[in-house]
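First chain A sits with chain B, and in the next complex the same chain sits with chain C.
Right after this comes the complex of A and B.
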């Protein structure tokens, strides 16, 4: 989403879903990433493949400021360079051993990963708070049809009830799936938040029904 | 207390895990589930005519349902794992204990199909597994909005232990856990508990232990 001449930003996760010292998988059109946050709170997106034996680094673990592979413990810095090879404790890993990395930005409680080299920062979502992320087995078009709205640069504004609208950021995934980030006004009550979560599930069901029937474009 | 056990069974692991977390010592009796099908032999059928494992035997008491075993261990050794007794919390514990049977049927069925070539409609089993994971994810999201990290409470209960193993092993049945951030955090919270034990396919959090390879100061 948000294409410009040189690149775009994909919203991959809520900040709250990636605490310090954890790693999770995150897909963008540029490929699969191990999205991780160091113990000091810094985020990074590393290609989700250890250069040693090809294991997914998102199965790995974070210790201090490094991401380690679950298979043989090779560990990598946020910049992608290999820091340590446990089987060769005396070896300083050569610069040639590294994982590709993508730029990561975090704002308004969302984590964005760059596809290419976007010139501008990700869009701001002031006054909104992220609620949850969920994945639909439906295309962006099916979700737009189900919501009766078209996604703009800042997502879909979806009217749940007369009194409540929620914002949906949509990120196309592999296999015609779509990652949905649900946001709502930051003054929403706990009951409104639970209602919005349930409404998002209903929207997903509707979009998946459209997709299954082949109604959506 | 004797547990008829199979190391690769998530249902047996529930009982081993609950016992470890509540510091109960089990007398483990390994069962040749595969390929020997010992659970269908005369000795075990005499204990459990349903021909399933685990079986927990404690003097005159013979339990064949893993949820009942979790409740028994908790009631004996650590009643806080049963919940506070408040009406809503008690109901949530029961809700997720019953729900755990659907995880066994769907994710467990897909896992048996993929690992032990058990006949079944793998597409349907996986679809049912995804539906169950979505319910669990939604439940955990709502608990989070209520300020609680676990299924029935802000502390773990038998309900969490009943649901955890088949969820954690979903990838064995070809069902990805990538789409479920709340389940990821919940799984992490459970694996962080003191006295947590592993089973093949469910490992501890390596980062909770110090790096074993750190060079001594000045090296």
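Right after this comes the complex of A and C.
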């Protein structure tokens, strides 16, 4: 997270993990979001709750440029306004039916969701490419302890082996879990990619062990 | 919050046919209870401290109450009608409010999306106007019609099914539905919900059908498929408790049964599993 005076950006997913026409849950400090990509490739994030009957919209489905709730098929535009209520096909949904939306930015293969109204764009990660994301059942603090490093505004720089460092972006989740995005230099070899992936898993296990023993701060 | 109004109601606590002397440990509104068959073959329900609780055996199930029920268990006249097949479907545990489980059962608009190609299918999503009323202090919805690709195990193709819904108790609902093999009668499908806690329930569906051909296994599988699809919804609604504050969720004309059910709950102080104030 990158706090500034008015808001912050949370890295929620890798671009590659959200294909066109799909939706997934994405957590920020402001709560759970339905993060989706329309058939034409545009991303959007809304509150993860359909105002009709409270169903999680992240369980829904994407068709065209709309996100639909899986319960009754109510569909919403990227801007959050309700487009269609299938039980009443002839009815134009009133403007008052809408879901709250959050700003989404996508750059360097990462998707960022805003909390509040950050003045600046999310940080650029030039020269880096995302490798994978993984979820640790451990807090950010436990991961920092395991890595022997403190997460700055642009994550943790971590030495995997003598000649290789990787970048880890950490996003706190519900229930003391942490989403880890692993990035590495864009000229990395397949062997270095494998080493980075294994190193991230080793770090996750170490942090989970610290958390389980209650050693983590 | 007071739960007194619901304490004195009857609740299903198990299938009578499955009782044995060893008993079944379960819960009712947060209290541990034991449901067993005594030496004479009668159902016996006791609270954790050994206190015996009132017992009825009806509609395949054992019924009990933590309080002192003032009313008899509601009547289902079709349960005594000759020629019907009575089906104990079993139990589905759902991590949701017992009231949310009932409300979902009263809803038809979700059929095309949740029970796709069984109880509904796009583009047949429209819910036509139907009637809702309070009859003898029960919620009734009548003239409910919906297009269904496979309305019942005994249905061989798509038909427009007519439904009637009835809520005779806060956690029980009875559905009367077009009976494909016998157009002059209604099939009866019930939802008996055992409130284990405010946000956890055991759902016991039960059926009284005119269907001599479908095997018992197929009938049970059909209903279990439907209820497992419903569970994927019920465990992901926010909040878990049923909001009785009208500002919390947005009903439409298709939700008139749900609106009447929520008002009826509120009027009777049936608030175990409900959220009264928006949070």
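Just so it is clear, the second predicted complex is superposed on the first by the 217 of 217 C-alpha atoms of A that agree within 3 Å, B and C clash if a C-alpha of one lies under 4 Å from a C-alpha of the other, contacts with A are read in each partner's own complex, and residues count from 1 in each chain.
Throughout what follows, a residue touches a chain if its C-beta (ideal position, glycine included) is under 8 Å from a C-beta of that chain, and two chains touch if they have at least 3 such contacts.
Fair warning: this is a prediction, and the values are worked out from it, not measured in the lab.
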| item | value |
| --- | --- |
| Which superposed partner A:21 touches (first chain B, second chain C, both, neither) | first |
| Partner chain(s) touched by A:97 [first = chain B, second = chain C, both, neither] | second |
| First (chain B), second (chain C), both or neither touched by A:135 | first |
| Chain B versus chain C as contact partner of A:88, first or second or both or neither | second |
| Per-residue touch tally on chain A - higher for chain B or for chain C | B |
| Partner chain(s) touched by A:172 [first = chain B, second = chain C, both, neither] | neither |
| Which of chain B and chain C A:54 touches, first, second, both or neither | second |
| Chain B versus chain C as contact partner of A:149, first or second or both or neither | neither |
| Common ground on chain A, meaning residues reached by chain C in one complex and by chain B in the other | 70, 73, 86, 89 |
| Residue ranges of chain A touching chain C (in the complex, touch as defined) | 48-49, 51-56, 59, 69-73, 85-89, 91, 97 |
| Chain A-facing residues of chain C, complex | 109-110, 112-114, 122, 125-127, 232-233, 236-239, 243, 248-254 |
| Of chain A, residues touching chain B in the complex | 13-14, 17, 19, 21-22, 24-25, 58, 61-64, 68, 70, 73, 84, 86, 89, 131-135, 179, 190, 193-194, 197-198, 201 |
| Contact footprint of chain A on chain B as seen in their complex | 134, 137-138, 141-142, 145-146, 178-179, 181-182, 184-185, 188, 203, 205-207, 211, 213, 215 |
